[in-house]
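Several structures are given next for inspection.
Look for chain A in each of the two complexes below; its partner is chain B in the first and chain C in the second.
Up next, the complex of A and B:
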């Protein structure tokens, strides 16, 4: 697709970016997220040690020149583990949200557009899933598929898509009554062409906002699953795993758990701040006001 | 009955209801209408009388809460209400076009003008993209749009209201329809643009021999553009005939009132209005729907609803006053 400055989508995007950029908080948050993604990608090159390598003579080392963040109860380098741990938090959450969008968007679109019985059935399914606690489903899946990041990610995707489907359904419902949809019918377009060619391009902003807002909760849930032992399995270095392992030594060596905890809070907060600002920047009424400020 | 092959559209005894949470709304209550080939018919009436509902019924694009209870719609010799949705799509794709009141809402904001016209041409004529671009540019310049190539590269929000309506007309005409339904095509435009658009529609109709059903609330527009007029009131066509005949000699008290309000001829004295309001469409009286506002209503009007009576094969009126006259003195 060529970049067309006159396209309303591109123009809106530029205005949105301008409004977004006016918030220092959001820009700092965005910077933090980019930094963590860079860390996640570069972990193998910037880590001083292998994250699972044990140094039996150096247990519970406090931060020192050899181990910048000290070592844990098996003498593993904390810095390396935390850097590698970013991979799980940053990428597994991205995967979960992507699956959520891929499943939830078409289901919500079809449900909202066709309505009737189909809508009824799909929405009752989402109701059932929404009333199902994610942790329980994850435990079940861990039991069936074996513990690991994949069953945890799958469980979160399965409980995550209904909220996306509901949002898309709502937007499609409000769009489908508009004249341009009737105009598309009158030139003889099929339902499929109308839904995906005409309506969906008008529904993208709420999807983007919801996806960004979801990232934070997914990171916490994934770490939570790792913490209780059904997500990432030790000795793999996930932040949730590191916190869980450090918990036993919390009084003597508090930095083991606290540092990954702080990092996680930082990332989640950054996602929420970016999401908040993005929502304001994409809101056509708020945007004008914010741009003028 | 006129010969069927001269008729492009006929609507008979059409009843449409809307199921709402406030009750069942009787939007159309036995509509009779006929549009001949190449003819232009104006459909007038006040807000909420069912004009747009009738327009959408013809192309079967009423929304889900609406239901066609009974009646018959025959388009080009085929019964519309018996068509499958696939056959209906075919009819819409090739033969009937619709223009809306608000061209801003009727154009998809995220697609370029050119793409929207090209798509319409591809749908109806199966042209290749390059051919459709060529053809689209031709149609736009025919509609008096300067620099049509440039316009096709623009997005709806970059154009003026009049320009957007021209684009809608271009899209509507791109399939060379047999019937064009224009639902208040100029209500959202200012007066000078309004005149241009109406002239455009008029000229095009004469040149292409398509039939036109022009929905409006403005008697002046009907006089300017149409050959025949159907006056609607509370979901019924209460008077139908040649514009000249109806305007010169309105038979139904409502038409008389409407013409007086419009004040097309003579000096303006003071703004007239028809007293009263339309009946509650959820709870219709058994008699004539206009009876409560009619200065001439009598006993029978309140008991029995009049249906359309043909006078001399050209005009029809739904009014007991006229029927009694017909009975006494014979038609005409």
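Up next, the complex of A and C:
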């Protein structure tokens, strides 16, 4: 596709980016997210130690030149564990949201476009899955698939797709009666071409917003699953695992549990702020107002 | 469309969903990589083919799948969830013992959340862009962004280890629980007239309830703020102001009523989210409720207990959403049109 500055889609994208960039908070948040992704990627090179390596003579060390953030109950380096832990939080959550989109988007699109019995059945399925408080169903599924990061991630995707499907369905429903769809039908385009070629591009923004908004919840849920023991398995250094392990030494060494939580809040907060701003920047009613500011 | 028709339709839909929930859990039982007969009989019992055959037939595991399904639904409707392989008792008894603890915690969490969220949301909207507003918005967004189990640990550290306020569990060590009437310690202790127990239970429920309610608090506070701001822009509010009504009257009498519809709609959903959240929060505070039960069951590979608890939590969640929906249509006639 040729980059055409005058095409309406490109102009819309540029305007959105401009509005997004005007918010300092959103830009800082974006920077924080990039930083954490960089940490996650570079963990093996920037960590001073192997995160599972135990130093039996250095248990519960306070921060010192040898261990910048001290050590835990097995004498493992806290800094290395936290840096490696970023890998699970940053990438597993990305994986979960990606799978959610891959499952939810086509189901929502087909459901909204064809309607009728198919829609009825698919929507009742989403109702059923949404009838479980997310974490309980995820707990059950993750447990059945075997403890570990991949089954926890898959479980959360299986629990998360209905909300994505519903959003896409809503957009498709409101779009399918519009003139451009009717025009496409008149010139003889197939349902498949209309749905995925004409309508779906208009679902991109709501899907992106929902995806960014989901990231925070997914990070928290993943850590929660690890915390109760069905997610990442010790000695692997997930933040949820670190919080769970530190909990037993809370009275004397509260930092073991508290620090990973603060990092998690930072990441989740950044996602939420980026999501909020993105939603505003993509809202046609708000956008003009925000761009003029 | 009449109100009655709407309610009946909604109930029917709820029943369909509950059957869907039952079916999903049934499918999951079939996916479990474990032979229930082997778990029930143990390695000793499995050596006796006659015994294995007897149990398999008794549980209809040799029948076609749809007969198994009917048998399963019948059992669930009769509250027959099998035996917990860990506590050795019937799962339904374990659940009955733990159910009030979770409900008491959720209700209390819900009350705390609403008592904090609605006033701060109102303050935030009334003093928009003032320090109060910034403070409450930052606080609620941070509250939402932190994992609830982590908040629980932090509260335990601050309030228990540093301030010596109250620890985990439902009562202090050495204190006997009140006699079982409702299973809610706060109510039972009052019925029995044991005020020391009442205050002890109150102290113990406060931290877990606050933790469990953090998400709901942040969410409701934000929702109340934006809903009130939206209403305050409406023409009828301008009219009220032009009439010369006091600002207090305009906000509390005219605007608030309409603004609170949005948060109220979400209450059912939030209550349900607390049932889910209780899984983690009860674990942190060793609160002997359904959430802690399911986690204990996970570690004991106790499938009957895990499945039954999931099923019960999902059914409570669905029913509470149903009730809220129906109440809501009675309160707000506009919903019926949509």
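FYI, the second predicted complex is superposed on the first by the 288 of 293 C-alpha atoms of A that agree within 3 Å, B and C clash if a C-alpha of one lies under 4 Å from a C-alpha of the other, contacts with A are read in each partner's own complex, and residues count from 1 in each chain.
Basically, contacts are C-beta pairs under 8 Å (C-beta built on N, C-alpha and C of every residue); 3 or more make two chains touch, one makes a residue touch a chain.
Please read all numbers here as calculations on a predicted model, not as lab measurements.
Colleague: Applying the document's definition of touch, where does A:247 land relative to chain B and chain C: first, second, both, or neither?
Modeller: second
Colleague: Given the touch rule stated above, what does A:224 touch, chain B (first), chain C (second), both, or neither?
Modeller: Once the two structures are laid over each other on A, A:224 reaches chain C alone.
Colleague: Would you sort A:92 into first (chain B), second (chain C), both or neither based on which partner it touches?
Modeller: neither
Colleague: Give one of first, second, both or neither to describe whether A:177 is in contact with chain B, with chain C, with both, or with none.
Modeller: A:177 contacts chain B only, not chain C.
Colleague: Examine A:107 and indicate which partner it touches, taking first as chain B and second as chain C; both and neither are also allowed.
Modeller: After superposition on chain A, A:107 lies in contact with neither partner.
Colleague: Answer with first, second, both or neither: which of chain B and chain C does A:202 touch in the superposed model?
Modeller: In the superposition, A:202 contacts chain B only.
Colleague: Is A:187 touching the first partner chain B, the second partner chain C, both, or neither of them?
Modeller: first
Colleague: Touch check for A:115: first (chain B), second (chain C), both, or neither?
Modeller: first
Colleague: What's your read, chain B or chain C touching more residues of chain A?
Modeller: Chain A has more residues touched by C than by the other partner.
Colleague: Can you name the residues of chain A that touch chain C in the complex?
Modeller: Residues 124-125, 127-129, 131-137, 139-141, 143-144, 216, 220, 223-224, 227-230, 240, 243, 247, 250-251, 254, 257-258, 260-261, 264-265, 268-269, 272-273 of chain A touch chain C in their complex.
Colleague: For chain B, which residues count as touching chain A in their complex?
Modeller: 56, 59, 61, 63-64, 89-90, 92-94, 96-98, 100, 102, 105-112, 119-120, 123-124, 153-155, 157-158, 168, 171-172, 175
Colleague: Taking the touch rule as given, give the residues of chain A at its contact with chain B in the complex, in rising order.
Modeller: Residue list for chain A touching chain B: 6-9, 115-116, 177-180, 182-190, 198, 201-202.
Colleague: For the complex, which residues does chain C have touching chain A?
Modeller: Interface residues on chain C, with respect to chain A: 13, 16-18, 20-21, 23-24, 28, 31-33, 141-142, 144-150, 153-154, 156-157, 161, 272-273, 275-277, 279-280, 283-284, 294-295, 298-299, 306-307, 309-310, 313-314, 317-318, 321.
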